[in-house]
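Lettered A, B, C, D, E and F in written order, each chain numbered from 1.
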Amino acid sequence: MHDARDFRLELPASVVENAVAIALAEDLGSAGDITTDAIVPEDVRGRASIVFREAGVVAGLPLAEAAFRSLDPEAEFSVLAADGTPVSAGTAVAHIAATKRALLTAERTALNFVGRLSGIATLTARYVAAVAGTKARITCTRKTTPGIRALEKYAVRAGGGINHRFGLYDAVLVKDNHIAAAGGIANALEGLRTHVGHMVKVEVEVDTLAQLKEALSYPIDAVLLDNMDVATLHNAVALIGGRVLTEASGGVTLETVQEIAATGVDLISVGALTHSPKNLDSSLEWER
Amino acid sequence: MHDARDFRLELPASVVENAVAIALAEDLGSAGDITTDAIVPEDVRGRASIVFREAGVVAGLPLAEAAFRSLDPEAEFSVLAADGTPVSAGTAVAHIAATKRALLTAERTALNFVGRLSGIATLTARYVAAVAGTKARITCTRKTTPGIRALEKYAVRAGGGINHRFGLYDAVLVKDNHIAAAGGIANALEGLRTHVGHMVKVEVEVDTLAQLKEALSYPIDAVLLDNMDVATLHNAVALIGGRVLTEASGGVTLETVQEIAATGVDLISVGALTHSPKNLDSSLEWER
Amino acid sequence: MHDARDFRLELPASVVENAVAIALAEDLGSAGDITTDAIVPEDVRGRASIVFREAGVVAGLPLAEAAFRSLDPEAEFSVLAADGTPVSAGTAVAHIAATKRALLTAERTALNFVGRLSGIATLTARYVAAVAGTKARITCTRKTTPGIRALEKYAVRAGGGINHRFGLYDAVLVKDNHIAAAGGIANALEGLRTHVGHMVKVEVEVDTLAQLKEALSYPIDAVLLDNMDVATLHNAVALIGGRVLTEASGGVTLETVQEIAATGVDLISVGALTHSPKNLDSSLEWER
Amino acid sequence: MHDARDFRLELPASVVENAVAIALAEDLGSAGDITTDAIVPEDVRGRASIVFREAGVVAGLPLAEAAFRSLDPEAEFSVLAADGTPVSAGTAVAHIAATKRALLTAERTALNFVGRLSGIATLTARYVAAVAGTKARITCTRKTTPGIRALEKYAVRAGGGINHRFGLYDAVLVKDNHIAAAGGIANALEGLRTHVGHMVKVEVEVDTLAQLKEALSYPIDAVLLDNMDVATLHNAVALIGGRVLTEASGGVTLETVQEIAATGVDLISVGALTHSPKNLDSSLEWER
Amino acid sequence: MHDARDFRLELPASVVENAVAIALAEDLGSAGDITTDAIVPEDVRGRASIVFREAGVVAGLPLAEAAFRSLDPEAEFSVLAADGTPVSAGTAVAHIAATKRALLTAERTALNFVGRLSGIATLTARYVAAVAGTKARITCTRKTTPGIRALEKYAVRAGGGINHRFGLYDAVLVKDNHIAAAGGIANALEGLRTHVGHMVKVEVEVDTLAQLKEALSYPIDAVLLDNMDVATLHNAVALIGGRVLTEASGGVTLETVQEIAATGVDLISVGALTHSPKNLDSSLEWER
Amino acid sequence: MHDARDFRLELPASVVENAVAIALAEDLGSAGDITTDAIVPEDVRGRASIVFREAGVVAGLPLAEAAFRSLDPEAEFSVLAADGTPVSAGTAVAHIAATKRALLTAERTALNFVGRLSGIATLTARYVAAVAGTKARITCTRKTTPGIRALEKYAVRAGGGINHRFGLYDAVLVKDNHIAAAGGIANALEGLRTHVGHMVKVEVEVDTLAQLKEALSYPIDAVLLDNMDVATLHNAVALIGGRVLTEASGGVTLETVQEIAATGVDLISVGALTHSPKNLDSSLEWER
């Protein structure tokens, strides 16, 4: 079934190609795959599948495809379970027909992408499931692996989450240290609106209800309620009354996320989605 | 204590600079840190420390230093606990004096490196501690995050592990699929030695004692004993009798690593060191 | 006078360095400045000023500085009139002391940046002046010169304008062709909000009041009122009643911008700021 | 009509690809076209034309083609009026069949190239027309937009002009500041010929007839007659008597270019061709 | 005849593409091939052969192929004598059908690669022939041309040699200056084994039999017998007795290599293979 | 003696830095210098000299300096015999004070540059000496090592030669295959002048006096007299009578160059200068 969500899960082709080129260069160096080149004849073709050894949500197949195609432009890559699909242990998610050399040489690169991104998608999906029935959306942070943030943010989307800002450049988030460096919340927020583009959203981090009240006196779009307990979150949401977006943040776990969601916040951000996912165990199984 | 090991823990300067440039570019885009630039005056200086919120082994400070220096060439970065040092929760591992803008803008990049690499070093150190008293060394695999393999391999060294090959280019590892693609172990290993450089080591993966015996009839340097139970490992080590290096691999955990080490293998490789470390929780604490 | 606005005019250092490196590489090729190298002795130093030959608003000095410093790391570059400052014809805006070789070789690169960016800042300042006394802000578009968009958007800020989105990645702008491709406004906007991050603003282009009414029934942040005459703009602003940001666009000129501003729109976007500025005439005057 | 000139109008493929890759990267960032990806289904194809809204000379279609092909390798791009062709307002100059996503996402990049380059070609053609009937050729300068000089020089050729040197590396142009830095014209030109390759032409800038006479005593290929009035130009051309190429430069406008050409100079260089062209207004018109 | 060795001669595709892109960029600059573009019509096709003007061993055809294909994606490139094949003077080693423009523009780039790499392969093959009948293998050094080491090491393989380490990163070679800097051989080798990965080989350079004896007391894989006369080499080989690999080095020539090989060393390294090969004379012959 | 020529020997700093970065990256990979890092303590400083083991002309010291400085920004590099200076065997040409690590790690990169470039300069100087007393200048060709052409052309200048065109982009050279592809010399040269910039020189290759006469009927700047015997060269020079530059080419050797020069040609081009120089033997001698 090709449902509406599918066509909204997209990764720029240049991002895919660039990431794969870097990963292959890292693995091949200037001597190449000396094992495969010494042992396996050129141009002999084989067939293999990427198989999930544990249940999870698929993410990263476009990168796996690009890895095999980069080494064998004639490689055929058939997606059996597209990114965003939850699958059970033992599921083949893609099938590849390529030269045996390409299969052997690109295997680890392909699986490194699929393993990490599916790990993120799977963890995200668990948080999304945990808040089902509330209006809260699960979102990521900037706590990503240096160099592959765009891929990790994509994996969060594949797991049903949404993305917070991509970097320091596309949204304003005023944190406690900004306020301190500016010499107080008034200095920080006074006139801020006129110094950033009109298409940029402004969010302010607050730790207490007092700070929240002060922040709400400025023209902002969202508040980040940092490390508040559930009771305080309830009060904060009530106080805000829908005027701005509300984001709960800080020490969120699969155990606590549901009661946080029940406070009525719009967003719950979870750093662990991208900084500490467990790699999803997958392998390349050859057809003999 | 600055002991002999310190000067053996090294990362090429160009690798550090390149990784930091990529990470900052990812975070800054072409608009830069729009929050800090709008709120914090130029040239006001501040002081802050990188503090470990949990116990662990430090790794990644050269990257943090490069991140702050990249934004403020006058930044002073003092290492309080160098990479490779185990520290307790609450320890300040480095102190930075720089413009407040640089502190705010580079904070996340610095912590993303330190968090991931210290996570790897810390997990490695646990495995190393678990095999203390045996001759087994803990080693990593190629299951690394695409783009930062050199950093992750460095973090393994910081944790007391040693590195397996860096890529497909610097050592030969003949796996089951190579043997299958070549049409049997004889085809794969016959003459292999003459097709790779004399400074390249050759390791062969075996699953059974029968395969092991066959592999040992060729001029190889190491065997990877894949997914063998402890009893079989014992037999394999005895059969090898010190002629080649022995590496145990497959499903190694902190629970099982000690009894595997006790079989007398030389190396135990652990993919989880780099594919699934928990990020070490650290933060940038400002001096007010 | 170093006023509050100064520290809000910022360009990432890596953007500056990258742009200058590309420009110098383009001018130097692999043979370098063969005229200067053949004629002018090494290490003889000189002094020169960047002088505006016509009145305008300064922009681009950080790029000029980087160009001279790139060729002579000891170059001294003194800013006499910082980016964002309006100056009269004949004003020296910066003074440089460097090797004569660096002065001669970097001159054109420096002036090409200053000329184009000051041209944009100057044109922007004229539009800003023309709407003085209204609440309308002048904003740019994505009609920029390929490769230097970040610089051109910075020049708009130097002229007192604000920036629209930097690219396709940091804000949603739904145009007529999107709506057509989606099969109508409902298909396009229904559920859009849930497919983009919560920190992303959504703007919709409308050509008629009927379209405007339909667009306002969805959760959007801004409307782009495209090619409406002044009377229709008045009606549109009244109909919107401050619920979302209003942007007038299409064929805006220095002659028409004031009456457009008088309709009460929040923003007026002007493609000509970046696609057709007149280069500001400046030169490098040597001290003899 | 495919005449002889067509095959002499060429842009290296790698220059085209590189420029388009940079422009698309600038527009797509790491998140891509979030509007189109959220609204427009994958793989639905559409058709559109690039239409000139005003009369002008076409330039830049190879870049437009590369932009669409980069996003949709199956895109068909039919040139209706090739680069170098003068067209009237309302002319469709190219037709594209591609995915609707590629059409929407690459539109602005394609038009930014076509608009700027056609603007240059059109302005050049006006100068060329103005000197018709004289032997004078119109040529450009190094006053180009940083990063896209090769494209802008190509656009000058498309408009019927010829190119001056591409950079500091491919020809010698001795200016007044070189002469001053060398300590006089004798120091500058004495022996110059032996310090540059034999395939390099040497041009000297002169402001007066006295300087001209001195310059002509050295083995040079061309003189740049800088800021001379028409009477002086006449005298200079007579004095030179065809021994070297003559180039008039400085404050040339469409009003003055004809009388300058009538003095008999070989070349007239016009900085405005590339530093201040008006963008040619073009748009992407969809077939519905 | 397609023998076993053929499929072991491999160069990573990305290395080929990168080298060719750099070489073409160097030759084309931003203006391209101005001669060909001005004279030769587009799209006219021609045929030509790469012909060896002197006898030698072929190397570099994949780079020649990539050069022609880069300029004409439809180019057909037929290998008549693959890399590694010895051919006589006058042999056509490849045939190309492509646009005449591509043939003319890529000719020099293609021949520069083929000439240099075939020169290396040819010189290597002479050394290999000179030691025929002994067990000695000919190996290269790090004395390569900056930027194309991987290609030059490949050419050594094409000539029948084997590769020493590719760089400082893939094997340990302890030289006299390392020992001096460490304060003696004990400081240098004590514990060295535990500071490098287990898949890394360790070689130690020795000048005398006394040094050799000391080196052999550490766990090393190879010794480099530097600048020893033949009698000393004999003694060294006897003393080593097959415990480690033996490499003779220093001032090896085609005149001396046989007697060096006769001492029973395993390897003979020859810097001249890559630092001073004579270019193999080849040309592109057109079919008229 | 620091004479006038010195300041005319220049290499763009960015070319130097780029070449050194590529060479070091090639040698260091991602693991770095594993030998030095394991053995030599950080921050211990040493002193060494670059010594010529044979007589020759120095070239490449700026690259050596950049290599050491890249690894140790505090390195001191004193030039004792600058590029372009002829020295005898045993001469120290530069002295370096740096960390021992930097000395060991950059040694090979530095010597690879100095060895190849001094080899070219030395060979060039021999040709230059051989034509002393004639007006002939020695010039190079495009038969250079891919990737370092700018360095090799610089080395030719260091040896007293001059440079032919740098690439296909900066001068026109019409060869026999161009003429054939165009359908005859008239097609090739008719109108050529109007299709290339006025600052571009045009040279035509001729094999016979008949071709020479035809070529001279077009407005060209130089003729390449290809593979003519000495008698024919004499006749060609007489026939040309100084109207255009004359270049002899084809199979020039140190034995034949003098009699070729005696024919009165202006230039003699020698491919061997850059395609087959013998590496100049140099070493890094430590002070103990």
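We adopt the following convention: a residue touches a chain if its C-beta (ideal position, glycine included) is under 8 Å from a C-beta of that chain, and two chains touch if they have at least 3 such contacts.
Every value quoted in this text rests on a predicted model; they were computed, and no experiment measured them.
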Next on the checklist: If each hop has to land on a touching chain, what is the smallest number of hops from chain B to chain F?
Outcome noted: 1
Checklist entry - Among the remaining chains, which ones contact both chain D and chain F? => result A, B, C, E
Item to check | Most distant chain from chain F, judged by the mean position of its C-alpha atoms | outcome: A
Checklist entry - Which chain is most remote from chain C in terms of Cα centres? => result E
Next on the checklist: What's the distance between the Cα centroids of chain A and chain E, rounded to whole Å?
Outcome noted: 44
Checklist entry - How many Å are there between the centre of chain E and the centre of chain F, using C-alpha atoms for each centre? => result 23
Checklist outcome for this item: Where chain B touches two or more other chains simultaneously, the residues are 8, 26, 28-33, 38, 40, 149-150, 163, 166, 169-171, 195-196, 200
Checklist entry - What topology does the chain touch graph have (line, ring, star, complete, other)? => result complete
Checklist entry - Taking the complex as given, what residues does chain E use to touch chain C? => result 26, 29-30
Checklist entry - How about chain F: which of its residues touch chain C in the complex? => result 6-8, 10-15, 149-150, 153, 163, 166, 170
Item to check | List of chain B residues in touch with chain A within their complex | outcome: 19, 22-23, 26-36, 38-40, 44, 46, 100, 103-105, 107-109, 111-113, 115-116, 119, 142-150, 166-175, 177-178, 180-182, 187-188, 192, 195-196, 200, 271-272, 275-279, 286, 288
Checklist entry - Mind pulling up the chain B residues that touch chain C in the complex? => result 21, 24-25, 28-33, 37-38, 40-42, 70-71
Item to check | Complex interface listing, chain B residues touching chain E | outcome: 4-5, 8, 137, 139, 162-166, 169-171, 191, 194-201, 203, 221-222, 245, 247, 266-267
